[in-house]
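Pasting the structures in now, so scroll down.
First chain A sits with chain B, and in the next complex the same chain sits with chain C.
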Partner chain A sequence: MMKTMTEIVVPQLAESLVSATIDKWLKQPGDWVDVYEPVCEIITDKVNAELPSTVAGKLVQILVEKGETVPVGTPICVIETEGTVDVALQAAPEGHSATSERASEKEPLAVESEDAPMRNRFSPAVQQLAAEHAIRLSDVPGTGLGGRITRKDVLAYVASGAGKSNQSANGSVAAPAPRTVDAAAQVRSSGLHLTETPKFPKIEVEGSSNAGRGDNFIDVTPIRNTIARNMRQSVSEIPHAWTMIEVDVTNLVLLRNKLKDDFMKREGINLTYLAFLLKAVVNAIKDVPIMNSMWAVDKIIVKRDINIALAVGTEDSVLTPVIKNADHKNVAGLAKEIEELARKTREGKLTLSDMQGGTFTVNNTGSFGSILSYPIINYPQAAILTFESIVKRPVVINDMIAVRSMANLCLSLDHRILDGVICGRFLQRVKDNLESFNLESKLY
Partner chain B sequence: MAEADNAISLRRLDAHYIGMLEYAQAWELQKTYVKQIDQGEREESLLLLQHPPTYTMGSDKHPEHLLLDEDQLAERGITLFQIDRGGDITYHGPGQIVGYPLLYLDAEGLNLHGYLRSLEQVIINWLSEYGIEAGRKPEYTGVWVGHSKIAAIGVKFNKARKRRGFVTSHGFALNIKSGIAEEGFSGIVPCGIQQFGVTSFNDLTGLELTVEEAAMQLLPHFAKEFKYDLKLIEE
Partner chain C sequence: MPVIEYIDAIRQAMKEEMERDEDVFVLGEDVGLKGGVFTTTKGLQEQFGEQRVMDTPLAESAIAGVAIGAAMYGMKPIAEMQYSDFMFPATNQIISEAAKIRYRSNNDWTCPIVIRAPIGGGIFGGLYHSQCPESVFIGTPGLKIVAPYRAYDAKGLLKAAVRDPDPVLFFENKKCYKLILGEVPDEDYIVPIGKANVLREGEDITVISYSMPLHFVEQAAAELAGEGISAHILDLRTLQPLDKEGILEAVRKTGKVLIIHEDNKTGGVGAEVSAIIAEELLYELDAPIMRLCGPDVPAMPINPPGEKFFLLNKEKVKEAMRQLALY
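Here is the complex of A and B:
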């Protein structure tokens, strides 16, 4: 029976995660582990999670003990699987009774021969990575669309040792699960770079000579580091464009003032403007679904579920917990979700599932008094919208000046996917939705 | 309450929470009640109950929407009924509240589709209290949350013998318990709709409401929407 050793690594659980601490091992060496069965519990600043196995097999070795903190991508245990590569092995001619690495290289090649139009098209990032590791791209199995080689493929190839370069892929880059697993289920091989973390250029800091007297040095916390990396990835990969619209929310202000006390009595929580905004945004997304999409190299993926990520600021960071299926909720339901996520964020109780699956981000920048902002897209989504302060302003209506409650909505968009016309239509829809709230509108 | 003030002008509706009842028995019960209501021997009624695992196929039948053969049905302990309501195939089982409103609809101002919309509205209104925005799909009867169906509706209008109108039978099936989709709906294409899924109240809210609790919560919504003075008859 073929035996394969598979390492389980610390995954990139959420955008704001660079390292994790093993809280508890749920399995011990010798235990059988099913695929998706949790092997251990990990804790981070903000997210606690059970870590599922990517394969079924016997846990043979624990590499990281309870209480140790390790970076994302670090192997933490080894699982021995049996016969997972047999498909490729049977397909291969005899004499290839070889190692699992070789077997797994074989399978994508079979894919290539069938239909691999993208096989010989390499992105600059892939070419650079290949050059760094001194490997030939023609040797690397591609799992992207049409057999295209992704960065992940290159890294997997390097990690497998097949390149026999003197480099080893270690450290900061998340080592993907071994190819044997990937080949069996190429679910996430759409060419999306979701789990990739771009390499940081090394920046030499020349000691303290740059710092003037009395300057303070602040250690960059892991979460700060992650925010930095994500922001950098977003602005360097996504061509941002920006637009803004102003909305007359006078009637919404009246509506909320009418309902908020009863709502507090009934539900015990604040009825925020944000809940109404989310309703308006979700309904606009339903009308303009392309806003709820992501760029995937040679495809645009329009997501069916509308999962609104909410930017929630803390004293020294920002997190983006997600309201799943926001289109299934009415204003009251959204208000409750907002309250719940904000509370969990404050208390540091967000779970992994709270952080995953966002398809569009909303930032309530008005809560700290902003009237205009230029948000950075929450990678890999297509757009982010800010809700700015509500301020009373003189407004011209029918050639007369009136005092109205006004708010700006700012939108940053991925210009690869979206253009001015469609975003204009979307914002207009949000505006119409917000302005059509009136004293008769219902929360439930 | 406003209802009390209006009680005199509202017709009475007897609501029965029956609990678990075999489909065949419930069908017979409906027929009996319909006859009695028609002849003025019984108040209009709302039966609330659960069925053991059952598939029912309505008049709009497409046998290909049943994905199991007889042996598989027997193995899973599911009974199949061909019945006299509108609609295609659906599943009933534990964890689902089944409601059979047996109402007299007068011929004057009769709006059969309006009756279906009102049934949907009862469920939509109840769900909204939990912050769930449920709605309709224009081309399909039933109550939907996003792309998933939470309640199926199929009715029959029985021509009254003594009066000009109709007595309704069959009704709605509202999924409460989570996981119900896996239990029963995986064996069929629910209502012949291929591309959409099935959901339940507990799946949507994360709560663990029982069918009986849900039934009791639905009653006031039903009374309000259909404008009845509703009395719960303890069995």
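Here is the complex of A and C:
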């Protein structure tokens, strides 16, 4: 048996990812690792995940220590596997590999090389096709000069469907081979397996034991670093402008009070004001689609899908999970999505797909008591809207003073794309939508 | 459709263009009274008179220079170089003047000339009547260069060249004149400059060529089909500007490419074509790019065995095509 060293590399988890940080090693040198078994936890800009092993074997060396940040594709540890690797490129014909034992493997290889000197010279076209169709070239018969595998040989092999049946039909003899091939090919795959809740890194205080007058130093966690970078990018690239509108939500309050207990019984979740607001925002975006856009230097991209990013805060960070195709959902559906995303955020169970594709952001700042805020746009979107606290205030209606439930909506906008008039119209539409909820309004 | 000779197609094109547009005129050595040494311009002087079919002194630089001057004044001259071998005294006029007038004058002046020149060997013409001068002119921006292999393209490309607002070198193959017959429609048509043409669809190898050798390629392909080798054949037709898309598409078809021309190998059209392929299609190549060209010797020999050695023929082409198919 030959021992083979296989490197596990940082996978390309998402297109925009360029690096990842090792959070914790789950395996130590000397430990046995099964294929797909997590070896470590990694932290990226977007998500935290466990990194599964691509092979089974013994972890012999850790190359990247906990806390280090390395680019995608960097080997982070070495796993020793048992079995032969050269079988992947070995030129043995079908008959040989099926019947002969490993012990005699040298002979067919040598014989093959003599009368097929071009057997292992692969042209770019052949390599490209083999990669495209995930074919082991050692299985493809070569009809070219000196046994060379031609482009047509590969195409014929693909057309015959031999590649697929071969892999499942291979006996134990060839079994280790595809695994090593997989390992090599996995550099750009996203082998993500979210088997358990990834923990948010807790703030660690360094040097706090220094009693007395010293300042405390707090390590910047990866997520804090991401927030900082995104905020800085947004503020430095986007010329922000800000506006606010006041909404009378008295009828909405009455409606919610009427429905919330039934809704809780029926759906098991809270019927929040936020769900109504999202519905009002989404309908307003439909009327003013330019709100759902982004700046692309020489053009403005108006997004077709309305994917609402929702700012969800935790004690030490804020994330913006996305409600995809929010315009396809009714108030009840939105309430469920909000509940689901908020729960996942608190438990740290957000996946990459939960975080991607937002086109407009809503922040429920009222939930922590704010009545006025100046939000920073969620880069590269065009605008962000906050929903402030609902407060009872004296309001003049028809020259009489009434007590009404009022809320402020604040909007930060990318002034390259949007101007005051269009944003005013948008906010007016949101206001109209919110104020037109009444006791007859339906959730479904 | 009438079947006519390659040389007739060229004559018809000139005749029809002169009838269509009275700014079109022909000048060259022996083009008038004699009707050209190959009879390409036969009958034109009788029809159009001495003012429009002019015999010139034996001075190619003057033929090109006069044509350029007339073109700048709005005429549409067709200048004939009796053999492309005699063209070199005119290269300064062609490369330094004709090719640059539009650019130099910032579009104020144009130079709509056509320079016809017979290329190629195989007529026991020896050193000074057999050359292929494409590589001298290719790579000169401002010039268009066409080289038809059959009667249909000869007529259509010459008409397109006459109507083109910029200088066009029209390389007709003298071996093709009487040898090649083909169908040519009676009605007016042009073959667009800058478009290559697929002559045969195939799957094993792609052969790219132009002018006379394409006939060998077509014959060889027909024979190789019997051996189970299917060839995809592309006629470049225009050597400048090269039909890059057409070339890449043809190569993509098979991943194996053979480029054939009679001009010698070093610095020829094939070098440029293979560079385009190498730049754009590395990952789709299934074999090294192959070239089959004239040898890098100074000129076509006059002795028959020497000429035979120099020239391409069906057997040489077929062998190269087979080698590539088997690779």
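Methods note: the second predicted complex is superposed on the first by the 234 of 444 C-alpha atoms of A that agree within 3 Å, B and C clash if a C-alpha of one lies under 4 Å from a C-alpha of the other, contacts with A are read in each partner's own complex, and residues count from 1 in each chain.
Here, a contact is a pair of C-beta atoms (placed from the backbone, for glycine too) under 8 Å apart; a residue touches a chain by one contact, two chains touch by 3 or more.
Please read all numbers here as calculations on a predicted model, not as lab measurements.
**Q** Looking at the overlay, what does A:G30 touch: chain B (first), chain C (second), both, or neither?
**A** A:G30: touches no partner chain.
**Q** Output check: A:T150 vs chain B and chain C. Expected answer is one of first, second, both, neither. What do you get?
**A** second
**Q** Quick check on the superposed pair: does A:G67 touch chain B, chain C, both, or neither? Answer first, second, both or neither.
**A** In the superposition, A:G67 contacts neither chain B nor chain C.
**Q** Quick check on the superposed pair: does A:G268 touch chain B, chain C, both, or neither? Answer first, second, both or neither.
**A** In the superposed model, A:G268 contacts neither chain B nor chain C.
**Q** After lining up the shared chain so the two structures overlap, which partner does A:G369 touch, if you call chain B first and chain C second: first, second, both or neither?
**A** After superposition on chain A, A:G369 lies in contact with neither partner.
**Q** Identify the partner contact of A:P394: answer first if only chain B is touched, second if only chain C is, both if each is, neither if none is.
**A** neither
**Q** Go through the superposed model and pick first if A:G214 touches only chain B, second if only chain C, both, or neither.
**A** neither
**Q** Tell me, which parts of chain A touch chain C in their complex?
**A** Residues in contact with chain C: 123-128, 144-145, 148, 150-152.
**Q** Which bits of chain C are touching chain A when the two form their complex?
**A** 203-204, 254-256, 282-287, 326-327
**Q** Taking the complex as given, what residues does chain B use to touch chain A?
**A** 128-134, 145-147, 204
**Q** Could you list, by residue number, the parts of chain A that touch chain B in their complex?
**A** Contact set of chain A toward chain B: 304-305, 325, 327-330, 332-337, 444.
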